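Down below are the structures I want you to see.
Here subunit A shows up in two complexes: once beside subunit B, once beside subunit C.
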Partner chain A sequence: MTSNKVAFVGAGATLLWVAIWAWLTREGGPVSELFFPSPGDVLDRLIMFWSRPYIGSTLMGHILSSLSIVLAGWVLGGIVGVPLGIAMAWWTRLKWIVFPIFQLIRPVPPLAWIPLTLLWIGIGDAARIFVVFIAALVPWVMNSMHAVYSVDKLLIDAGRTLGANDRKILTRIVIRSAIPTLLAGARIALGNAWTTLVAAELLAATAGLGYVALNASRMLDTDVLVVAMLLIGLLGVMLSALMGLAARMFAPWVKNDRNGG
Partner chain B sequence: MQNQQSTPKLELRNITKWFGPKDTGVCAVDNCSLAVQKGEFICVVGPSGCGKSTLMTVGAGLEQPTEGEILVDGKPAGPPGPQRSVVFQKFALFPSETVAQNIKFGLQMCGVDAKEQERRLVEQLKIMKLEQFRDAYPSELSGGMQQRVAIARSLVMQPEILLMDEPFGALDAQTRTILQEEVQRLHREHHYTVLFITHSVEEAVYLGDRVIVMSRRPGRIKKEISLPRDVVWKRGDIEVAAEHPDFIAARREIWALVREEIIAQ
Partner chain C sequence: MRINFLNRTRSSDSSRLPLIYGAGSLLVLLILWTLSTSVLGWIDPMTLPSPAEVVARFGNLIVEPFSGSTLAGHVGASLYRWALGVGAAVLLGVPVGILFAWLPGFRAVFNPIFEVLRYIPPFAWVPIAILWFGASTATQAMVVFIAAFPACVINAQLGVQQVDPILVRAARVLGAGQGAMLRRVVVPVAAPAIFTGLRIAISNGWMALVGAELVVGKVGLGFLISQGQNNDSVSTIFVGIIAIGSLGVIIDTLLQRSETVLLPWRKPRAQRDG
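Right after this comes the complex of A and B.
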């Protein structure tokens, strides 16, 4: 299918889903508004809290709070994770020093760090940034490591016969050919960071979309709850799309379908 | 002065290569010696898996031989470098770099100034007929075009020695023929010293001044056949050359030697 057709089908399907939602939640319909609001109610709430504060700040304020914490944790994860992953692949000894810790951390859900974090740094932004950092760090490191491993040894041989020294081989051949995999890792890290943050906000926060959702559910305010969930989903899609865009910008040699949309 | 025997440009002396521990691993090359004179085009043929690529990677300095030594101009060759340029069977182009960046890569590594880089790049693009593909990425090129880029990337270094490992093995027949003729022409004009590995007997007879037949694994040198140099039929197209009686005789002789090894495997 051409990209035009894809966009057309996608838009059509979205409309259809909204229509089904509206039909199910219509007045006297099969789903009562107590359990799930109609699209109209959700839109009302969205517009209302866009300008008026809800538990402390407007929706925009909550969104910015969530996004800034995600970005901070994700960027920190990248700053630590990318060099670490590359170094682990390049120096086998380092890999075997660090790897055992990693294997141990990997299966622990990032949220399990919350109790410790609360103990160490309390309930503020720093605590959430730390948990997001942990969530992003693992995919950053793993993908950076595999990105280096997946570079064809033949390219290194070619570089050597063309006079490249070790440093040039690392920077110009290994890291550059690894960029697509690095970007794929960045995308996974961002996805992990986002879902972890929202969950962290459900447990320990004073602002953010997860916090809004938690409050709304305590008040049995399903309208606001669904608004928050919808925004969480939409922002997740947006972040992922931005990463796809970044991939196309920073790795233009990769065929488009691999970068995704 | 007059009687001095010329030192070979590249010499592989008593090369033995084991993969894994000696005696329990795989012996890929067993005591091979071969000398390539300056300006000579040597082809190596042999059955698949006999150690041809190993011989070349050792010759390039990419792998250490278990025994023996590599000499360039009579001196130990040392680590790999642009003096011994390699064209790989699988192209080995840098995927993240454009055609122009790939070709300039070696020049940049060797600190050639930007103006000279550009001059040599333009020259190579012209020789290899790659002008329109200057800013394309390798993934956007056909196999034949990619191999042209790889050859240009080697030639731009003005290497003293050119090592080619089945450079046309992955190409379709038409593209292969064209590139064979191009390499023949380049060699005639520039007198490169070439060690060329192939499994195509025709290719070896058409391109080589000498053809070296390797035995089945572990690879030994079975026979060396000198071919007429600078004869008219080598200057023409390969199909025309292939009809010349000398070509047919040489092909028959070499093919018989290779066949023996394949059947004995």
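Right after this comes the complex of A and C.
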């Protein structure tokens, strides 16, 4: 099949799926709206949600609440993780000391820290930021470390032959050629952060899309629930696309992996 | 300052030095933890229990039921749900992935649905799973399934796409039908990628399970730590976290071992996220 034909079949199939969804959830149809809402209900709800508050805020308020916490945790993770990763690659001894602690923490899902955080800092933004921070930290550190390792050794030798000192080699050669891997790490970290935030909002939040979804589930508002789920997915895609854009801007010499996870 | 990382293959892989440093670092951490809690009492035991308390709590949880089950009961419940979800994801996901790669028409029709669903994080499915199935095993298994399914599909598809068309043509010339082609040519070539998908699916599923159990359920390791939180028992949370982390490591190690046994022809792994 040519790619044109695939796109055509894909578009047709999408329409077909939506039609099947609408048919199954029609009034008096086989699927009750308490089980799954119809596409029309979802759309109506989305428009209503935009202007009228649901459990405390309008849609924009919940979205901003989610996004601000994700960004806070992700940026904090980068501030700690990137220097730590680079330092671990630069000073082997530091890696020997820090890495075992890291290996100990890594297999624990970031979510498992939520109950501990709740006991230590209580329900609030800080608890969610901390959990997102933990989720983002691991990919930040690992990719920063591998970014330094992936630098072509020939470049470093060339730099040294041409008289660069260690500091110049680090700032002018290592960090620059490590940018693509650093950005890949940033993207994975952001994806992890977003996924973890949703879970954190199920457990400890007073606003945010995950909080909306859980409340909608308890109140049997399936239309709100589906709106929240779709928005969570959409925002995740947008964050990932933004990171792809950043990669093209800051490392235009690298061919982008379109399917980056 | 010398640039050490250039020598890393020589210095870190062969010598014992990293092991000594690592052990030392963990030991220092343990000593600091003990000193600040039980010896000097800087930290309130309600905030951070001492290592001895955690070990004692661990022994206690093995013998005495907490929130309805002993530790073994919680572990068993978690493993059961996880196996259900991952099993369903593999049984359904691998064939779907193979079909995606083998039949472009099939892919064109089902890919839109797959793409929409896979970008919704597994935890966002928890509320709807609760709505559909309540606080039951099915809720947890569904969340695990959602977390594990995309990795199975994507990696199976990737594996089949890696099959050299020349091999396929050669097999066809030699008289292989569609069935024989799939069994004898495609699956062996794609097996390492499928296995990678399995590993990712298994660890994604484990992560998602913990999340689902934290939100809803009456048994399981995630439930155990959320009960620890409700009862202000940090040591219970610690035992739960340690159990979740070590089970994850054990499962992954077993898989890595079995890969070398089951797929001795595999090439170096190319990893792919879900």
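What we mean here is this: the second predicted complex is superposed on the first by the 227 of 261 C-alpha atoms of A that agree within 3 Å, B and C clash if a C-alpha of one lies under 4 Å from a C-alpha of the other, contacts with A are read in each partner's own complex, and residues count from 1 in each chain.
Following the convention adopted for this analysis, a contact is a pair of C-beta atoms (placed from the backbone, for glycine too) under 8 Å apart; a residue touches a chain by one contact, two chains touch by 3 or more.
Source: prediction; values computed, not measured.
Q: Which partner does A:108 contact after superposing on A: first (subunit B), second (subunit C), both, neither?
A: After superposing on A, A:108 lies in contact with subunit C but is clear of subunit B.
Q: Applying the document's definition of touching, compare subunit B and subunit C: which contacts more of subunit A?
A: C
Q: Touching A:148, do we find subunit B (first), subunit C (second), both, or neither?
A: Touch status of A:148: second partner only.
Q: Just checking: does A:9 make contact with subunit B only, subunit C only, both, or neither of them? Give me first, second, both or neither.
A: In the superposition, A:9 contacts subunit C only.
Q: Which of the two partners, first being subunit B and second being subunit C, lies in contact with A:162: first, second, both, or neither?
A: first
Q: Considering only the contact definition stated at the top, list the common interface residues of subunit A for subunit B and subunit C.
A: none
Q: Given the complex with subunit B, which residues does subunit A contribute to the contact?
A: Going through subunit A, the ones touching subunit B are 152, 154-155, 157-165, 168, 172-173, 176-177, 179, 251-255.
Q: Within the complex, which stretch of subunit C touches subunit A?
A: Those in contact with subunit A are residues 1-8, 11-12, 17-18, 21-26, 29, 47, 104-105, 107-113, 116, 119-128, 130-132, 206-207, 210-211, 214-215, 222, 225-226, 228-229, 232, 234, 237-238, 240-241, 244-246, 248-249, 252, 272-274.
Q: Which residues of subunit A touch subunit C in the complex?
A: 1, 5-6, 9-10, 13-14, 16-17, 35, 89-93, 95-101, 104-105, 107-109, 111-116, 118-120, 148-149, 153, 156, 166, 169, 188, 194-196, 198-199, 202-203, 209-210, 213-214, 216-217, 220, 222, 225-226, 228-230, 232-234, 236-237, 261
Q: Per the contact definition, I'd like the list of subunit B residues that touch subunit A in the complex.
A: On the subunit B side, the touching residues are 57, 60-62, 79-82, 84-86, 88, 90, 92-97, 105-106, 109-110, 137-139, 153, 157.
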